[in-house]
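Supplied in structure tokens, the structure appears directly below.
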Amino acid sequence: MGALAFLSLQSVELVYMAAAFLFILGLKRLSGVKTARSGNALASLGMALAIAATLVRVGTEVHWWVLAGGVGLGTVVGIVLAVRVQMTGMPELVAFFNGLGGAASACVALAEIGKFVGGDTGGASVFGVRGADFAVAVVLSILIGAVTLSGSLIAFGKLAGKVNRNRFGPIGGRLLNVLLALLALWMCHLAGFSDGSGGLVFSYHLILAAVALVLGVGLVVPIGGADMPVVISLLNSYSGLAACATGFVLHNNLLIIAGSLVGASGLILTRIMCKAMNRSLVNVLFATFGEEDSSAKDEGYSNVKAATAEEAAPILDAATSVIICPGYGMAVAQAQHKVRELASILEKGGCEVSYAIHPVAGRMPGHMNVLLAEADVPYEQLFDLDQINGEFQNTDVAIVLGANDVCNPAAEKDPNSPIAGMPVLSVWDAQTVFVIKRSLSAGYAGIKNELFDLDNTLMCFGDGKKFVDELITELKDQ
Amino acid sequence: MGALAFLSLQSVELVYMAAAFLFILGLKRLSGVKTARSGNALASLGMALAIAATLVRVGTEVHWWVLAGGVGLGTVVGIVLAVRVQMTGMPELVAFFNGLGGAASACVALAEIGKFVGGDTGGASVFGVRGADFAVAVVLSILIGAVTLSGSLIAFGKLAGKVNRNRFGPIGGRLLNVLLALLALWMCHLAGFSDGSGGLVFSYHLILAAVALVLGVGLVVPIGGADMPVVISLLNSYSGLAACATGFVLHNNLLIIAGSLVGASGLILTRIMCKAMNRSLVNVLFATFGEEDSSAKDEGYSNVKAATAEEAAPILDAATSVIICPGYGMAVAQAQHKVRELASILEKGGCEVSYAIHPVAGRMPGHMNVLLAEADVPYEQLFDLDQINGEFQNTDVAIVLGANDVCNPAAEKDPNSPIAGMPVLSVWDAQTVFVIKRSLSAGYAGIKNELFDLDNTLMCFGDGKKFVDELITELKDQ
Amino acid sequence: MMLLLTTEIPNSADGELSFLIIGLWIFLLAIFTGIELITKVPPTIHTPLMSGANAISGITLVGALYCAGTGYPFLGQLMGFLAIAMATVNVVGGFLVTDRMLAMFGSKKGKKKSKKGES
Amino acid sequence: MMLLLTTEIPNSADGELSFLIIGLWIFLLAIFTGIELITKVPPTIHTPLMSGANAISGITLVGALYCAGTGYPFLGQLMGFLAIAMATVNVVGGFLVTDRMLAMFGSKKGKKKSKKGES
């Protein structure tokens, strides 16, 4: 079997190479809206190839409940989740999947340790038997994987509005986090480098996993809800790095490559978001930003003019150019289809409609694009910040739909504002601004928005979908 | 020494990794005009690191004449050539260096074979003793390296105007090339896979090298001079691939990476050039294009209006917008400094001056940019084809300076022209066109240019530098 | 002895190059490739990119499948089961949901055609 | 025996993975990295790119230096000498000439500043 196994190893490596090639090609095709879908298909083909080759290599001497049970369960759950989720729930789903990916890496490393202690180690440490690189890779896999799991679940909870700081009591305090991190490092040392019976070594690894889980909670709990997308993206990068570490454990190049690609992707998205908010990553992770009680801030407005749909519709009817600025509220209200309908009616009346997409509008990078794509808005009508900011001054009506922070003039005018320096949509340059939201309450950053007080702003209170629907009815009547 | 050598190997690998990192970073910085110089510096730092680490690893048990002699000689020659060359001679120099790179790879492979046959092989083949991958990598190194050497030297000669088809008699005939290629393949087989005494095996490799050298000549000789840049770029890619193959011979990852980077670079530049000429690579390599006697084509013009500098200057003086379209003739005449002077004078008179840079103007991609940069023309004034083609119709004077094919209307109008479909500068849209060249003779593609016959074209016969100088004198006088 | 000498490779012989070094080489290159590829993805598809990358990180599944082999004690098997199940969710769910999103981006082509047909 | 079992690596053990496979992995990634990097280089600096890439291909020098070691017969030494000399020309000359070209591109900055000063 020696020679056969060798041959088989080489050919499995070739299939893995093909898979890596397909992953890279897939990501390459993601750089165009038109080729993106085929890119995703290529990447999943690569994954299928890699899995098939692995199954062949693993052969039939397996524990079937592990193999078939795991794959079966995973497939069912995966399909159900993917088919059921609504586009508004996407950020949560990504966070959830991400956690699972990290956890899987940690589990693989634990399984390897299980195998290790299952043999006769003669009481030697992991390091002693398998060398430093194996020991380090294993503890890194477990540490990063577990932090990713619990961190992602907290992020998931925060996005879904189910988790807040107080629920966890003292966990997440800065001092406690430092202590947890030190404890985790110490467990890493014990797990990888201390001699002991198999049972003891395995326990160390389990304790390491447990400490890392608590650390993940502690790290993410104090971060403000508005910063969850950054956290998720960072954790996405971690799950890639965990896969990478597992690759070093298993001496598997494909895991290293795929893990690095994901790691790079997460890092870059993180950087893009931080830039768009004009904040540093350190500031995002360690300043408790935007978590204050934001409901108390709807005071202090002096010049608010409210308008009903009946009052707003004629202004819209007369407009020849309209820019729609969607935000998180559009996602909450699921107003995207209605928005599209409104735009069609306006266009039929000869009005030019475009959409201004702020890079951090919503709760995920590209969040608005996905929603508007769902509603079949042609992407030629979508413009990003730089392209459209000069256009507002020539525009009759800017409709701010469930957006808040991304068009807060304080970012430009008040150097002490928490969002100072973040580039924003200068909607106030338009002739008239409609702000469609349910109340005067603040957005995710939890700060006051002077826009609501401006002379050319009309506040249109109501749920996004309902209000737009009313506008449509009014316009049709006229 | 076992353990020491092992440690040293690992640390050398780490230095090599740093070098690869620097190469990649260097190429990354080449993507901006402002960072490009530092990019080149980083890449050379990487090279210096790699060389230093290698010297340490090689140690002192060396043949000093080989080591010191080779490095010393190479350094002196390299410096002299690099410092002496004029910017117009750049294409030739690159071709020459390129040939040396390929030759070096072939020589390394030959040296390895020398070492191989120096030992006691017991009459076994290279394949028998060292395995298939070594045997294949060695013969590929030699084959590609030698083809690169002789091909590059021929390209060098053609660019310098020293080589033409007839000099080589029958070599380069299609049938002969096929025979040579088959012979080379056969030698590859003999060299790598046949048993024999050391001397015999080494002779096979030397014969392989010789055949590959002739093949390189045969492949490049029939290619038209106008296509030399494409050939050089392709050979550049080959020299990278030869280095790659040498990496497989020596089991050296750095050689593989650096070689692949160069290979990719050459391929991409080749593709860009082919696209800019609207021809396929196969067409470039195997159709004898533009090699016909081009001097005979200066007949058939019926409506040529010549102008002296004295006549042309007033028109230029009255112009408020001028676009200068340089071509290979500017490089030959070394007129770039004079052109810059002319532009300054025009600008002082309130005229707007820009430069239209065709992607394949000159004899190398980016050739014009280098020349104009040498003359300190600000790169904000340089525009490429797509940017400027719409501007000619609003322009008073277009000055075509030593360019020909790149502004030949036949490319757009005559579907049977050899350059049909190649995007060209539509200089004829300008109010007046000055064409500065020495005669009515054709450009590198060897075809007639209807531009010279147009009503709004004035032919300014003379050497590029001299004529521009006369224009300057006239303008200063007025 | 002489034969051995001739087969010695001057730079780095296979046996000696540890997987750590090989892995680091691969890691270095893959990170660069990733950075170059991802920076080219336009903001419009950042959400699908995120979920797609996520699906790719399910590559751990390949590692997890090896854990189904015999030779693992029960605890190891349990971990293997968990790893396989979770990684499979990540892979299957991730690629599916990404495809769902991207399908919406693609669908505009058809729509636009019909629009042209109308006018 | 048991000890041996525990140290067996499920997927691919070091000794088994031939350099050919390792080299192919590296080659695959490096080609992609190269393509992504080079496509970003603007036409303006294609000539320096060409000569710079050329200089990098002089990396063969690193391989050639190993040929200076003892253990090579005379013919091998001669080939080594030629390889070292030619690769050195390529490296030294290539980087120098590229720097000369790029220096011209850079010099405009100073010029423009002085221009602004004038006006």
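A few comments on the model shown:
All chains are identified by letter, namely A, B, C and D, in their written order; residue positions are counted from 1 within each chain.
To be clear about the criterion, a residue touches a chain if its C-beta (ideal position, glycine included) is under 8 Å from a C-beta of that chain, and two chains touch if they have at least 3 such contacts.
If you're wondering where the values come from, they're calculated on a predicted model, not measured in any experiment.
Between the interfaces B-C and B-D, more contacting C-beta pairs are found at B-D.
Chain centres here are means of the Cα atoms, and by that rule the chain farthest away from subunit A is B.
Taking the mean of the C-alpha atoms as each chain's centre, subunit C and subunit D sit 27 Å apart. Centres computed as Cα averages put subunit A at a distance of 46 Å from subunit B. With centres taken as mean Cα positions, subunit C sits 38 Å from subunit B.
We define each chain's centre as the mean of its Cα atoms; on that basis subunit B and subunit D are separated by 18 Å. Residue positions of subunit D touching 2 or more other chains: 5, 10-11, 14, 17-19, 22, 25-26, 29-30, 32-33, 37, 40, 63, 66-67, 69, 71. The set of subunit B residues touching two or more other chains comprises 24, 112, 115, 118, 250-253, 257. Every pair of chains meeting the contact definition is listed here: A-C, A-D, B-C, B-D, C-D. Within the complex, the subunit D residues that touch subunit A are 2-3, 5-7, 9-14, 16-18, 21, 24-25, 28-29, 32. On the subunit D side of its complex with subunit B, the touching residues are 18-20, 22-23, 26-27, 30-31, 33-35, 37-73, 75-77, 79-109, 111-112. Listing the residues of subunit B that touch subunit D in their complex gives 16, 23-24, 26-28, 30-34, 36-37, 39-41, 43-44, 47, 50-51, 54-55, 58-59, 61-67, 69-71, 73-75, 77-79, 81-83, 85, 87, 90, 93-94, 97-98, 100-101, 103-105, 107-108, 110-115, 117-118, 133, 202, 232-233, 236, 239-240, 242-244, 246-269, 272, 357, 359, 364-367, 369-370, 373-374, 376, 378-379, 382, 384.
Taken together, the subunit B residues at the contact with subunit C in this complex read 6, 9-10, 12-14, 17, 20-21, 24, 57, 112, 115-116, 118-122, 129-130, 250-253, 257. The touching residues of subunit C, when paired with subunit D in their complex, are 5, 10-11, 14-15, 17-19, 22, 25-26, 29-30, 32-33, 36-37, 40, 63, 66-67, 69, 71.
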